[in-house]
Amino acid sequence: MTKQMSLKDAIREYVHDGDTLYASGFTHLIPFAAGHEIIRQGIKDLVLARATPDLIYDQMVAAGCARKVVFSYMGNPGVGSLRRVRAAIEVGTLEWEEYSHFSMISRLQAGANGLPFMPMKATGATDLADQNPNYQKVNDPYTGEAVVVVPPLKPDVAVVHVQRADAEGNAHVWGILGEQRLAAFASTRVILTAEEIVDQSVIRSDPNRTLIPGLIVDAVCHVPFCAHPSYTQGYHDRDNKFYLEWDQISKTEERVGEYLCEWVYDVPDRAAYWEKLGPDVHERLAAGARLSEPVNYGDY
Amino acid sequence: MVDELNYKPSELMVVNAARLLRDGDVVFVGVGIPNLACNLAMRTHAPNLQMIYEAGVIGAQPSRLPLSIGDPTLVSGALSVCSMYDIFTLYLQRGNVDVGFLGGAQIDQFGNINATVIGDYKNPKVRLPGSGGSMEIAAWANRCYIITPHQKRRFPARVDFRTSIGFLSGGDARKETGVRGAGPEAVVTNLGLMQPNQDGELILTALHPGVSFDQVRENTGWDLKQSETCIVTEPPKQEELRILREELDPGRIYI
Amino acid sequence: MTKQMSLKDAIREYVHDGDTLYASGFTHLIPFAAGHEIIRQGIKDLVLARATPDLIYDQMVAAGCARKVVFSYMGNPGVGSLRRVRAAIEVGTLEWEEYSHFSMISRLQAGANGLPFMPMKATGATDLADQNPNYQKVNDPYTGEAVVVVPPLKPDVAVVHVQRADAEGNAHVWGILGEQRLAAFASTRVILTAEEIVDQSVIRSDPNRTLIPGLIVDAVCHVPFCAHPSYTQGYHDRDNKFYLEWDQISKTEERVGEYLCEWVYDVPDRAAYWEKLGPDVHERLAAGARLSEPVNYGDY
Amino acid sequence: MVDELNYKPSELMVVNAARLLRDGDVVFVGVGIPNLACNLAMRTHAPNLQMIYEAGVIGAQPSRLPLSIGDPTLVSGALSVCSMYDIFTLYLQRGNVDVGFLGGAQIDQFGNINATVIGDYKNPKVRLPGSGGSMEIAAWANRCYIITPHQKRRFPARVDFRTSIGFLSGGDARKETGVRGAGPEAVVTNLGLMQPNQDGELILTALHPGVSFDQVRENTGWDLKQSETCIVTEPPKQEELRILREELDPGRIYI
């Protein structure tokens, strides 16, 4: 049963004002096209959860989509500060809830696995736990020691970008996996964006590569180059140049406003955005070929 | 030919950090200076060193210097790639990591690190990026190294916020928390090396050539002590500088 | 640094009397050759842990290698009873420790992840927990409810069969994954048996397929057909006929003794065992070809 | 041509179990009779039924009937394959499974199942295989079905050991444990169907053609009640039997 639809329709149907959203991807596969569509549709009061808010949430916060961020590392990776989120926190216009990477991902693990909480080994660093009441302790029945736990995170909706999927949402993912799979299983609704929509026979040729099954997916959207300026392993490179440029753009609200007008509001969809980037960028970000050796599943 | 008397502070730090690594170490590493230190160690005295990236990559063979920890060049040709939960559990929490590298805006007298906030947490003066993986790396890697320029504001007596654990207030305080790793083993700066004494207090254990103890004291926010066995580090060797400049960072992005 | 050695040397060096052993594989990839080598070397007093003891532990128990079994389903899959283990339990000559599948695997998950314990959702079935003190409860700090937990399982040694590995122990695994990866990470020592030893470039061509990294592996043994009568996806089929035959053989100690003489004690290694099975069996179990579609990692 | 008046008890059970499945159901399934029931449902009224195997296989397209739950034919051409921990957590514990199939040596008046031991646990008279995944399936699937021949020794008033939960001692006992699933919805036998009443007690809700209530009572270990709305099941249809015999189990392994 096909679940294919446009990204515009998927966002309209599955992302609502006030939702907790997890747009997943650790550096890799960040679904910028979905973020831009959410900005265009003027969705408000979102709780934006991501281990690394990255530029996608910096832009969504600047555009006024967010009520709160939930994160574990608020930086522009390899560059420096995430200026719009940081400014909003410093002036007090944005709520925030903060974790370490591992406790953030443990919350997703608990959410995806259906567990009441996840325990963690002691880290000895208690200042953050003192500020965030979601950190709790239970008594280890085997040793008598106190063990830190975090509660499940179950976002209302996840957006997950993948390399290839069939029309039912069975998806092959490779490269850096981050929290792709956990975000999908933890969330109530799942929007899948895919670089390629392939025949189901391609998926079935390598079932161990299917990290996200169609049965948990609500919408499948064909969105090539969805991840730019992040990247999709094997399809296009990370636009490091833009990550450096954003550090300049994001210094003032004015320049961010101009950026959003030119690259989000005045652009109908990702195809137009990619076209607008132009052939030089396309060429600079081309991925080249480096294929995996096939494996034999056997004909039984 | 490389001029070995003429090196930059960044090169000095990379070379001294590399020398601390041991052959066979499994290192949890980020991009930038720690990455260069690992690659330098692999090309000199530690050919069997193994690098693990927080992004879930083991045994990367990057063909270019990555800007971010999640660069695609780390993946193509790597030995193994796994999820974020897996890298933090199967590798770090399980005890399979020998060395972690740490950084932050503030490092205090007992090696505690602040990467979260300057000022009050609820009303931040300067909001920093936050823990990322450093809370766990500091606690669970067998030993940790910190590489940072030596400036008074970076080395206060106490950090505003303990993002990750050093030796807390010293003595047995770290051990009593039950964390598995042994804690910071050295802070490598452009002036020398600080290492914890038996009480967990960072003291000066090495000066780089041409640097005086007073110079270091002036750039440290607490009453820095000097080890009785304080040495002067060997200057970067020609071969170390050659590898750094010609092989590892020819574009001089980090050095 | 190569870790390659013969299976005989690996067992001699890494499996000791009294060890807790986890020979992993859920129906698939069960390392029978390692079990047989342990029997030949007369190793004693083992604690044999496996979710499904299967024929491999039935044979090892019959041969006198075991002091105790730890399991969650003690059957001959698809056939019926696991007669030797069952008989030893019924007459009281074998200790046992029992779980449900999920609590057994949760113990491995805790062991592999370095966690103090694993929580589980309530099952309401308490009779087994009443018999096994390893089941404990903690108080959920978020709801106040009691949550069942199990402690980590950390075997002394795991034997894990894989399809292909390099000489350092970096291994590609596909097909049914069972508890392969968890067993390896949970254990102190790891013996890897591989259907094929390949050049490291094959492993590096598809890093997402590397479920077990060399850095946790102690010995790499090249043992084709290691898993028979279990199977290796893409290399040979499951010998269902033998699983049915074992149901007859295992009815009496005498017939088991004859089997062990003929197929274990009188056989020097797996190559000889496979040879002895003969061309008809080889042909019956041939896998045929059904290759995965490659993926592009990109040349960055 | 298939003779629809002439069918075996196993065929009768498969057909009636298949009819209980709904289009779109996600079913956690083992080999044998439940597998046949799912495949029959898919080929008749439930084309969108999705099968998940305990071994970690989703969307299998087996080209032969597997002997074991972990057969390679389930993997080649499947939609997805994952680890055992993943299948129990991401699918079953998370609440992504609609239907589970259960079996065991004893099923009692309240649908509790014994697959562990006859006699005392510590000194077993007959040691059975044990829980496997049934403890979790019984608790976490939205609803469960049991398919088993109708024999008095299989249906005692109380099981010797509760391997997996039905309605415990009845009433709200199951609900009070906090398990997520709704419990056994039907027991399909060769004589008819038993289903829980409001108190969680299994009562007769359907007789197969030609079977009398007395016949069922004689083969049940408790004082079996009959539903006021007890029906007679529709006999297997020609098309159902044809699919079963010609497409699903031509070698007559399970039927």
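We just call them A, B, C and D in the order they show up, numbering each chain from 1.
The rule is short, and it goes like this: a contact is a pair of C-beta atoms (placed from the backbone, for glycine too) under 8 Å apart; a residue touches a chain by one contact, two chains touch by 3 or more.
Everything numeric here is computed off the predicted structure, so don't read it as measured data.
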| item | value |
| --- | --- |
| Higher-contact pair (C-beta pairs counted), B-C versus C-D | C-D |
| Chain centre separation in whole Å, for chain D relative to chain A (CA means) | 40 |
| Separation of chain C from chain D, taking each centre as the mean of its C-alpha atoms, in whole Å | 29 |
| Chain A and chain C, separation of their C-alpha mean positions in angstrom | 36 |
| Of all residues in chain D, the ones touching two or more other chains | 57, 71-72, 75-77, 81, 92-93, 140 |
| Interface hub residues of chain C, defined as touching at least two other chains | 114-115, 120-121, 145, 174-175, 177, 181, 205, 208, 233, 237, 287, 290, 297-300 |
| Contact graph of the chains (line, ring, star, complete, other) | other |
| Chain pairs in mutual contact under the definition given at the outset | A-B, A-C, A-D, B-C, C-D |
| Contact set on chain A toward chain C in their complex | 114-121, 136-143, 145, 147, 149, 151, 163, 172, 174-175, 177, 202, 205-206, 208-209, 233-235, 237, 287-300 |
| Touching residues (chain side chain A, partner chain B) in the complex | 26-28, 51-52, 71-75, 77-79, 81-82, 86, 89-90, 92, 98-103, 105-106, 108-109, 120-128, 131, 145, 174-182, 231, 233, 237-238, 240, 243, 287, 290 |
| Contact set on chain D toward chain A in their complex | 26, 48, 50, 57-59, 61, 63-64, 71-73, 75-81, 89-90, 92-96, 140 |
| Residues of chain B that touch chain A when the two form their complex | 31-32, 54-57, 66-72, 74-77, 81-85, 88, 92-93, 116, 121-127, 129-136, 138-140, 161-165, 168, 174, 177-180 |
| Sites on chain C touched by chain B in the complex | 1, 112-115, 170, 181, 185, 200, 203-205, 207-208, 210-211, 213-216, 297-300 |
